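In what comes next, chain A is part of two complexes: it sits with chain B in the first one and with chain C in the second one.
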Partner chain A sequence: MSGKGKNAPRGASLWVPRLFIGISALFAAVMLILPLAVVLTEAFSSGLQVFLRAVSDIYARKALFLTLEATAASVFLNTVFGLAAAWVVTRYSFAGKGVLTTLIDIPFAVSPVIAGMIFILTFGRLSWLHPVLEEHGIRIVFATPGIILATVFVTIPFVAREVIPVLEARGTDEEQAAVLMGAGFFTIFRRVTFPHIRWALLYSVILCAARAMGEFGAVSVVSGHLRGKTNTLPLHVEILYSEYQFTAAFAVSSLLVAGAVIILTARNIVEFAARKEDSLNVH
Partner chain B sequence: MRARGKKAIIPGFGCSMGLTVAFVSLLILIPMASIVLEATRLGLSGFVRTVTDARVLAGYRVSFTCAFAAALLNCFFGLLLAWVLVRYRFPGRRLMDGLIELPFALPTAVAGIALTALYSDKGWIGSLFAPAGIKIAYAQAGIIIALTFVTIPFVVRTVQPVLEQLDKSYEEAGRILGASKTRIFFRIVFPEITPALLTGFGLAFARALGEYGSVVFIAGNMPFKTEIAPLLIMSKLEGFSYGEATAVALVMLAASFVIMFCINRVQAHASGFAGEL
Partner chain C sequence: MYIELRDINKSFGDFQASRSVSFGIARGTLAALLGPSGSGKTTILRMIAGLETPDSGDIFINARRVNDLAPSVRGIGFVFQNYALFRYMTVFDNIAFGLRVKKEKAAAIRARVEELLELIGLEDFGKRHPAQLSGGQKQRVAFARALAPNPGLLLLDEPFAAIDAKVRRELRVWLRDMIRRLGITSIFVTHDQDEAIEVADEIIVTNKGRVEQLGAPPDLYREPATPFVADFIGESAPVENIAAFRGFEANVQGTPGAVRPEFLKVFAVGDVIQYPNSVEDAVVDDVAFRGAWLELGLVLRGIRLTARYSLEKQPPRIGDFVKVLVYRLYAFEDGKVSLRRNAELNASRHGYSYSI
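The block that comes next holds the complex of A and B.
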C-alpha cells in the first residue's frame, strides 16, 4: 500500500500545518498581544502629559516603592528557604520527607484570596495573637508586614520546586567525594553544587519576582487599601480604575507591562543559555 | 530528627533542616492552622448553613463552571500551540514560544482591566459582538475569557516537553503501515501525551478556581450570575464575618486538594508506565 501523503499534491500536505499555525497565531495575537496593546494605547490616549502626571504621582511612586520592597523580600527569603529546602530534601533521607514536600507546594494549591485570609485569621483583630501584638505595638494586618508576608507566602514554592528536580537528577556522588577529600559545607555548596543549579535558580528567581510584583488577591485582602501606606502598584491600579480614572489606571499598568516584558525577556534569555550549556555538557 | 543512611556524611543537615522547618512552620503551618481553628469556632451547623446559602451555592456554580470551561478551552488551544511550536518551523515561532508565559509575568489586575477594555461593548473585540446582542464583559463569557488568559501556560508547558521527547519511529511505523495522519495522531501520539494533557488541565482548573484579580474587573460581580466564590470570601472578610469566609474557603480548599491529589495520581500512573518500558 502506498502512503496517501506522498501521492497527494504538495499543496494539500501544506494545508494542515498552515491552518494550525494560522489558528495558533490568531489565538496568540488575540489572547496575548491585544491585551498588551490595549494597555499601551489607553495609557497614552490622553497624551504624554497625562501619562507622565499619572506615573509620577506621589501615591504611584509610593506604591511602586512598596511593590519593590515586597518583591525584594519575597525573592530574598524564598531563595534562602528554597535552597535550604532543596538541599534537605535531596541530600538526606529522613522521616516525613513526603509531608515536607507536600507542605511546600500548598501555596500553589490555595487561592490568593485564601492566602490573604489566613494571615488575617492569624494576626487580625479576632486572633488570639492580637492582644499580644497590640501590647507591643506591632501591626501586621493592614500594614506593610502583612503585605510582605502575603507576598512571600504565595511565592514559597517557586525556588524549591525548580531546584529540587535538578539536584535530584544530579545525585549526591560529587558531594560525597568532596566530603571525603575534606571539603566543608560552604566549599561543597559553592564549588560542587551551585554550578549545577545556577540556571534553575536564576530561572526560578525570575518567576518568583514576576509573581511577587503582580500579586493582587492575597495582598488586596491584607492591605486594607490605605493609600500611600499599604498600596502596591496592582492595588493602585485597582483604586484608580474604580475611581473612573481610566487613563491613569492604564498609565500605571503600563509600568507593570514594562516589568512583565523585561521579566519575559530575561526568562527567555536564561532558558536559552541553560539549554545551550546543557547541550554542550551532553555532547 | 536525624538524617539516616549513607547520605548522612554530607555536612549541613542541622542548619538546612532547621531553616526549612522554621520557615515552613511560621509561614505555612501556623497560618493554615488558623483556618482549622476558625472552623472549629464556627461549628458544623454554622459551616453547613453558610455553604448551603443560595448566594454561596451560586458562587460555587459560577466558579466551577467557568474554571472548567477555561481549562477545557486551554486543553484544545494549549495542545494546538504545543504541537505547532514543536512540530513546525515558521517565522515568529520563537516570539510565540516566548510569549506563552506572559500571563504569569503580567499582574492579574492589569490583565483584568486590559481584558475588560477589550471586551466591553465599546472595546476593540466587544464592539464586534455587541451588534449581534452578544455581551462578553460583565457576563460569564468574560469570566471564562479572563480565566483562559491566566491559565494559558499550563497545558502548553506540560504537553510541549512530552511532544519534544516523543520517539518519532512509532509514527513512522504507523505511516509505513498505511495509517492516515489523523489516525496516527489519535492512536499513537495522543495516548502518549494524555497524562501531560490531564496534568495541564488539572493545574489550569485549580488555578482558575482560585483566580481573583483578573476576574473581578471583567465579571461585573452580580450576585447569582457573575459572582465568583473567591469574591464571596473577599466580601465576607471585608464585612469582618471571618467565620463565614472560612466556611466558603474550606470548600474551595477541599476542591483544590482533590484536584492536586488527582494530578499526583495521574503522574504516578504515567511514570509507572514509563518505568515498565
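The block that comes next holds the complex of A and C.
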C-alpha cells in the first residue's frame, strides 16, 4: 500500500480518485499515446529502407538543419534576453517596468500566425523598411533570418517567465552582501545569483527548445515554403503530407517525435536533479 | 568620533525616513540603534554602509567623508538581518568570499578563514552549507564573514531577530563579548530595549526618523530626555493627567506623564502602610509570574499601571483591593521630561503608619 490515498482524508471513498485516474488515463491514451503510436507505425509501415530514404532525403536534411539552426538561435537569444529582463525586473524599479513584464507575455497571447504576419508587414514588400533592406541586400522575409525571427518571437516568454519568480523568491540580500564585500557584477552573477537560477534556466531552455523545434504557424507565414531553403521540419512534414507521401511525412514526423522525447527526458532529469539538490542542500 | 553623522535627511517617496539625524560614536564603542519599527533605524545603518544614499547631510567614518564612496571601500562589515549567507557556498567559501574578491593569496585566505572558524567555535563546519546550520550557527558564520576582511566598523541589522528566544540570550552575550574582545567599533539595530540595554555601551533611540536621545543605557533609563524615551524605555505606563494622583495635585492639571513599575509601592491587606494620606485605592486586574518577582496589573482611578510585587509575600489575587503609593513619576512638559516626587514624601521624612 505504498502511499495510496496518502493525502486523502481518512475514510473518504476511493471511487472518486479511481474515476479521475481512469478518465486521465483514457484521455492520455486516446489523445497522446495513440497518435504517437500511429506516427511510428506509419513511419515504418513500408519498411526501414523507405524510412531511411525519407529521413536522409536532401530536403529533409536541410529542413532538419534549418530547424536546429532556428532552435539554437532562439535558445541563445532568449536566454540572453530572458536573463537580462528577469534581472532588471526583479532587481530594479524603473519607469515602464510593468509595461516590460506585460510585453514579455505578448507572444503567449498572440496567435503565431499573427506573429508571422507582423514580420511580413515589418520587413516585407509593403514595409517602408523594405527598400532600405533591399539596398543592403538583406532578405528577411522568405529567408532564414525571417524563420529565426519568427521562432525567437514565439519563444520570448520562456526564459524570463521561468527565471523571474525564482529571482523574486530569492530576494536580493545575498547580492547586497556580495556588493558590500566589493564583488563586481560578473562575480556576483556567476558565484551568487547563477547557482540559484541554474535549474530554472536549464528547464526554461529545454521548454524553449521544444517549442522552437515544433513551431509551425509563425514560421509557415514567413517561410514562403522554398524547399531546401526556408522549410523547417514541421513545414517539410506538411508539404510531404499534402503531396500524399504519407510514409515519408510520418517518417520525418518521427524525427520530431524523437526530438520531443529526448527533450522531455532531459526535462524530467533536470526536475529530479533540481528537487534533489533543493531538499538536500538548500532550503 | 570614529563615526559621525551630520544633519542626515532621507526620504522614500512621501515617507521621510531620516530627519536631520546627527550623532557620533567613538572608536571601539558598541552602539545600538533602538526604536520601534518604522523609526528609521535600519535606514541609518544602511546609509552608513552605503546601501542607501542620504538626500542631504554628511557621513564620516574615521574622519573621512564617505558619502560618495562605494560601499566596498568604506571598510565596513555588514551582518544582515537574515544573515544573507550564500546558500550555494560552503561555510568556508562564505567566509572566504570577501578575501577572494580582494584577490588575496590562497594560503592567506585559508589561514584567515581557519582563524575565524576557530574564533566562532565552528572549526569542523567549514564544509557544510548554510542550510545545514542552526540559526545561531548561521549568525556566527555571518559574523565571521563580515569580519574576514578586517573592517574598521561592523554593522549589524537586527542580529538576533531571526533566532528563537532560547538561543537569543546566549548569543547576545556571545556577540557582546566577542565584539568587546576584538575592540571593533560596532553598531547594531534592534527594536528590543532589553537587547539594547544588555548588549550596548551606547544607545541611540530613534523615533519617526529623528534621534531622540543618545546615551549609555543607565543614563537613558534614569534620565530620559523626551517623552518618547520615557515611554519606550522601561515598562512605563502612560498617564494623561499626573495631577490626578494624590501627592501630585500641585502640578498643572492635564500634564501628561508616565509611571514606571519601580515608581509604585503596593500594600496588600495586612501590610503596614506608609504615607497613608497619599495612598490610593486600586484593583488588581492581572497577576503574572516574572521569575524573580510578580508583575501586577493595577487599575487606579481608571488608569492602568504595572507594579512589581515581591515573591516573599502572599500574592494578591485578581480582583483584590490594594493600596498603592506613587513615589515618583515622569511629567511631560514642552517635549521635555522631568522627574516629580510625591509631595508628601517631600513634606515629611517619616509620616505616620497604620494597618488595614
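FYI, the second predicted complex is superposed on the first by the 263 of 283 C-alpha atoms of A that agree within 3 Å, B and C clash if a C-alpha of one lies under 4 Å from a C-alpha of the other, contacts with A are read in each partner's own complex, and residues count from 1 in each chain.
In the analysis below, a contact is a pair of C-beta atoms (placed from the backbone, for glycine too) under 8 Å apart; a residue touches a chain by one contact, two chains touch by 3 or more.
From a predicted model like this one, the values you see are computed outputs, not experimental measurements.
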item: Dominant contact partner of chain A by residue count, chain C or chain B; value: B
item: Partner chain(s) touched by A:33 [first = chain B, second = chain C, both, neither]; value: first
item: First (chain B), second (chain C), both or neither touched by A:68; value: neither
item: Chain B versus chain C as contact partner of A:173, first or second or both or neither; value: second
item: Partner chain(s) touched by A:274 [first = chain B, second = chain C, both, neither]; value: neither
item: Partner chain(s) touched by A:239 [first = chain B, second = chain C, both, neither]; value: neither
item: Partner chain(s) touched by A:192 [first = chain B, second = chain C, both, neither]; value: second
item: Partner chain in contact with A:143 - chain B first, chain C second, else both or neither; value: neither
item: Touching partner for A:202 - first (chain B), second (chain C), both, neither; value: neither
item: Shared chain A contacts, counted only where both chain B and chain C touch the same residue; value: 176, 179, 184
item: Chain B residues touching chain A - in the complex, by the definition given at the top; value: 1-13, 15-17, 19-20, 23-24, 27-32, 34-35, 37-38, 77, 80-81, 83-85, 87-88, 90, 92, 96, 98-111, 113-115, 117-118, 123-125, 148-149, 152, 175-176, 178, 180-181, 206, 209-213, 217, 230-231, 233-234, 237, 240, 242, 245-246, 249, 252-253, 256-257, 259-260
item: Residue ranges of chain A in contact with chain C within the complex; value: 173-174, 176-184, 187, 191-192, 195-196, 281-283
item: Footprint of chain A on chain C - complex, ascending; value: 49-51, 70-73, 76, 78, 80, 82, 84-89, 97-98, 101-102, 129, 131, 145, 149
item: Chain A residues within the chain B interface of the complex; value: 1, 3-5, 16-17, 20-21, 23-25, 27-28, 30-36, 38-39, 42, 77, 80-81, 84-85, 87-88, 91-96, 100, 103-107, 109-114, 116-122, 124, 126-127, 149, 152-153, 156, 172, 175-176, 179, 184-185, 188-189, 207, 210-211, 213-217, 220-221, 233-235, 237-238, 241, 246, 249-250, 253, 256-257, 259-261, 263-265, 267-268
